[in-house]
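Notes follow the structure.
For reference, chains read A, B, C and D in written order, and residue numbers begin at 1 within each chain.
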Amino acid sequence: MRVTVWNEHVHERREPSVRKIYPEGMHAPILDGIRRVLGEDVTVRVATLEAAEHGLSDEALAETDVLTWWGHAAHDQVRDEVVERVHARVLDGMGIVVLHSGHYSKIFKRLMGTSCSLIWRSDPGGEREIVWTVNPAHPIAAGVPQPFVIPHQEMYGEFFDIPPPDELVFISSFEGGEVFRGGCCYNRGAGRVFYFSPGDQEYPVYHQAEVQRVIANAVAWCGGRSEPNDRPSARRGNAPRNWYM
Amino acid sequence: MRVTVWNEHVHERREPSVRKIYPEGMHAPILDGIRRVLGEDVTVRVATLEAAEHGLSDEALAETDVLTWWGHAAHDQVRDEVVERVHARVLDGMGIVVLHSGHYSKIFKRLMGTSCSLIWRSDPGGEREIVWTVNPAHPIAAGVPQPFVIPHQEMYGEFFDIPPPDELVFISSFEGGEVFRGGCCYNRGAGRVFYFSPGDQEYPVYHQAEVQRVIANAVAWCGGRSEPNDRPSARRGNAPRNWYM
Amino acid sequence: MRVTVWNEHVHERREPSVRKIYPEGMHAPILDGIRRVLGEDVTVRVATLEAAEHGLSDEALAETDVLTWWGHAAHDQVRDEVVERVHARVLDGMGIVVLHSGHYSKIFKRLMGTSCSLIWRSDPGGEREIVWTVNPAHPIAAGVPQPFVIPHQEMYGEFFDIPPPDELVFISSFEGGEVFRGGCCYNRGAGRVFYFSPGDQEYPVYHQAEVQRVIANAVAWCGGRSEPNDRPSARRGNAPRNWYM
Amino acid sequence: MRVTVWNEHVHERREPSVRKIYPEGMHAPILDGIRRVLGEDVTVRVATLEAAEHGLSDEALAETDVLTWWGHAAHDQVRDEVVERVHARVLDGMGIVVLHSGHYSKIFKRLMGTSCSLIWRSDPGGEREIVWTVNPAHPIAAGVPQPFVIPHQEMYGEFFDIPPPDELVFISSFEGGEVFRGGCCYNRGAGRVFYFSPGDQEYPVYHQAEVQRVIANAVAWCGGRSEPNDRPSARRGNAPRNWYM
């Protein structure tokens, strides 16, 4: 499985508080976690906003089975033609794992068809998030403690304006009493989408083993189809009688 | 619409603490709420465990469009043939609204096919429950504040061993940090099922206007089909070619 | 309930074969069916492509609870700002019933987030379509025969590139052996979407009573929420602790 | 992965027409297909009705990750305590693939909570079934032609009285015009269920490569969780505050 970890990579370069937590970029622990959990089964590369075509050329996407996406401050700087390209590639069978503030990325809104709005709270120091599994039969929950605690996080709360998930895996509670559907699966065309709400750039969430495990499981789930049987490129439009015989 | 409010009616008679909250039985405010919200559109009767056939004879069920169910201490005293009768009637088009500890009733477990287990906590005084709407387009959420607070409740937490709801309407959080899928819709055969997790007999939950509104909405939703097009009694088994022409 | 029947109204004016079937426009029998089934409960108006703002101004949409949509030859002539307006209004609580070739309309693709492609066959004379109910508990199936036959139709077949429906109500088979998920429900934001695949402009499908019944049921289902509890305009973004108390 | 192929094994022994198609039992090609597709990843054993405890003792189930089930003539001879044991094991994390007439088996009805009735037609010679993928992103569809044709089959038609599938993968059409949701996924507790409607004992359906591929894919999907995070045996009931810290 070939994975591309995409990171906006803006906060880490301009804000000392973030750089202190993620000196090598937020993509570094995300990539490390995928490698640690999935091992020999994956090759992982990094792509960022400032690369040519954001590191998401046709060739790069053709060689990507699963893309992970973290963005926040610079959603608007992602070029529309790249968004359309990623969108087409997902429908053609590529998996995508969208993280935290990526809920407002162009690609996630494009795939969901809704506003993807939510309520949030950025108190200094954050607040405790508890992540509960509500679908223990799902492979993305494999090996994930029930529940697990993220000591400090930004609150994300309902109503989260997404399509009802095809499969809901995790629900979070926050110290302030809010709840959030934070682990959501979607099948779209020949591809798969997973949204996972942890974590904010101000907290060391991606260094946490449980979070890394979920992301790695999600990569495995999203990339689990080696032989799609029905991709856009192979579909016919106008179909004569008995074309399938 | 013809509604039967079924109440085990055990706690209220033997425990002063419960009788104080529900002097006329827990069914009284449930029934009052349904009448207040749905008005002229409904006729409501009460049935309890100690009635002949628990008040759920073939005749009674034939004249019931929606049944609400509260039980707790005496699940085992509900006779199996009555459970099978209610089950068949649901598949034939009757709606059923199962409340709180009814998650462990024979009829709910029969309909769900799972253990329906959950985690719970009965601290004296209970704890604050906050009910969040995660599907604002659903008629059961109509007119329900986002969110609403139940000051004192027994905690019900995940993992709740139910089939993934066909439609998830409400998720609750509790002071202790747990979450719970507390408003769940199911289509089963020609009938509809709604599970709603508030409230425990130790607290005045069913006197609360928001809770009454949800129950009334659920009754309306479960009973919303006046002309089922496909009921067990009308179905054929062995079907010759072109039977439908 | 206030309904707007939107019709592209192109084929009927330029093609005699279509005008013969729909001398007053395809919107005429659609409107008649809604009125006949829903009666006093609805007011219905018609809007077409050539009207100013396609008859879908802010004011018109504000006074519309449910919009029905038929388009085919002129999808591209629908202005993008109108599409965005309709999209926002759906998320704000308006229902939308998308018909047949409307699967490729800008608004449906925008709401679904997928390509909405399918396979089709336009043999002269069409072929027999049989519509099967797979969710008899659903209000959209109320009073609809199981199954019903459309004698002549254009074939629409799988794979239909839509999100898995939140509720699947009808599946069609065609003489040529293809199947199609032709009755699909979605909850999006505070609004509801129903897609119904009959019927092509070359056949008198919208004059058929069963088809009219489904469309009227869908209008009732999509417009069933009189008091949305959570609409975009009422939502907060940044939320202080205990804002809900 | 450890697989148990369960076969009632009644028709093959008493009916020459069936024995001719399946001289070594229907389990033989099912087992062969699983081994051929999944190779080194699986060990497969066979269990039949006439074995002690139907070959499904506590020990046998504890060593089974996925169970496949074919039964028809002798559903009633399966002992209730074995059914309860299998049911508990599924909720505890074992996968189960239920085939064709297994829709009326005790275990499937127990898991579904519905009647599982359907319409059928057993014309001599059967009729052509075409299997369409409606979820190409699903791993059970991997490598399966879109569509594939089963030349001779018993007709199974809607309404099929099952819970709406958590994921619908295949829909079949039949020569007679009926449709059938023939590939259905369910998550139940910590376990997974797949129902696949081909094939009847009178036709060589299980010798067909596409059918074997689907069954093997389903075994892989149902058994895909090596580390369930939340199983009945590990769950607590009454939970003190902060038990998870």
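In the analysis below, a residue touches a chain if its C-beta (ideal position, glycine included) is under 8 Å from a C-beta of that chain, and two chains touch if they have at least 3 such contacts.
Model, not experiment: these values are computed from the prediction.
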Contact distance in steps, from chain A to chain D: 1
Rigid-body rotation angle, chain C and chain B, from Cα fit (steps of 5°): 180
Copies chain C and chain D touch via same or different residues, half shared test: same
Furthest chain, CA centroid comparison against chain C: D
Which of A-C and A-B has more C-beta contact pairs: A-C
Centroid spacing, where centroids are CA-atom means, of chain A and chain C in whole angstrom: 32
Inter-chain centre distance, chain A versus chain B - centres from mean C-alpha coordinates, in Å: 37
Contacts with two or more other chains, residues of chain B listed in rising order: 130, 133, 135-136, 146-147, 157, 159, 164, 166-167, 177-178, 187-189, 230, 244
Complex contact set, residues of chain B against chain A: 128, 130, 132-136, 146-147, 157-160, 164, 167-168, 171-175, 177-179, 181
For the chain B and chain C complex, residues of the former touching the latter: 93, 130, 133, 135-139, 141-147, 149, 166-167, 187-192, 224-231, 234, 244-245
Sites on chain B touched by chain D in the complex: 91, 110-115, 117, 119-123, 155, 157, 159, 161, 163-164, 166, 176-178, 186-189, 230, 232, 235-242, 244
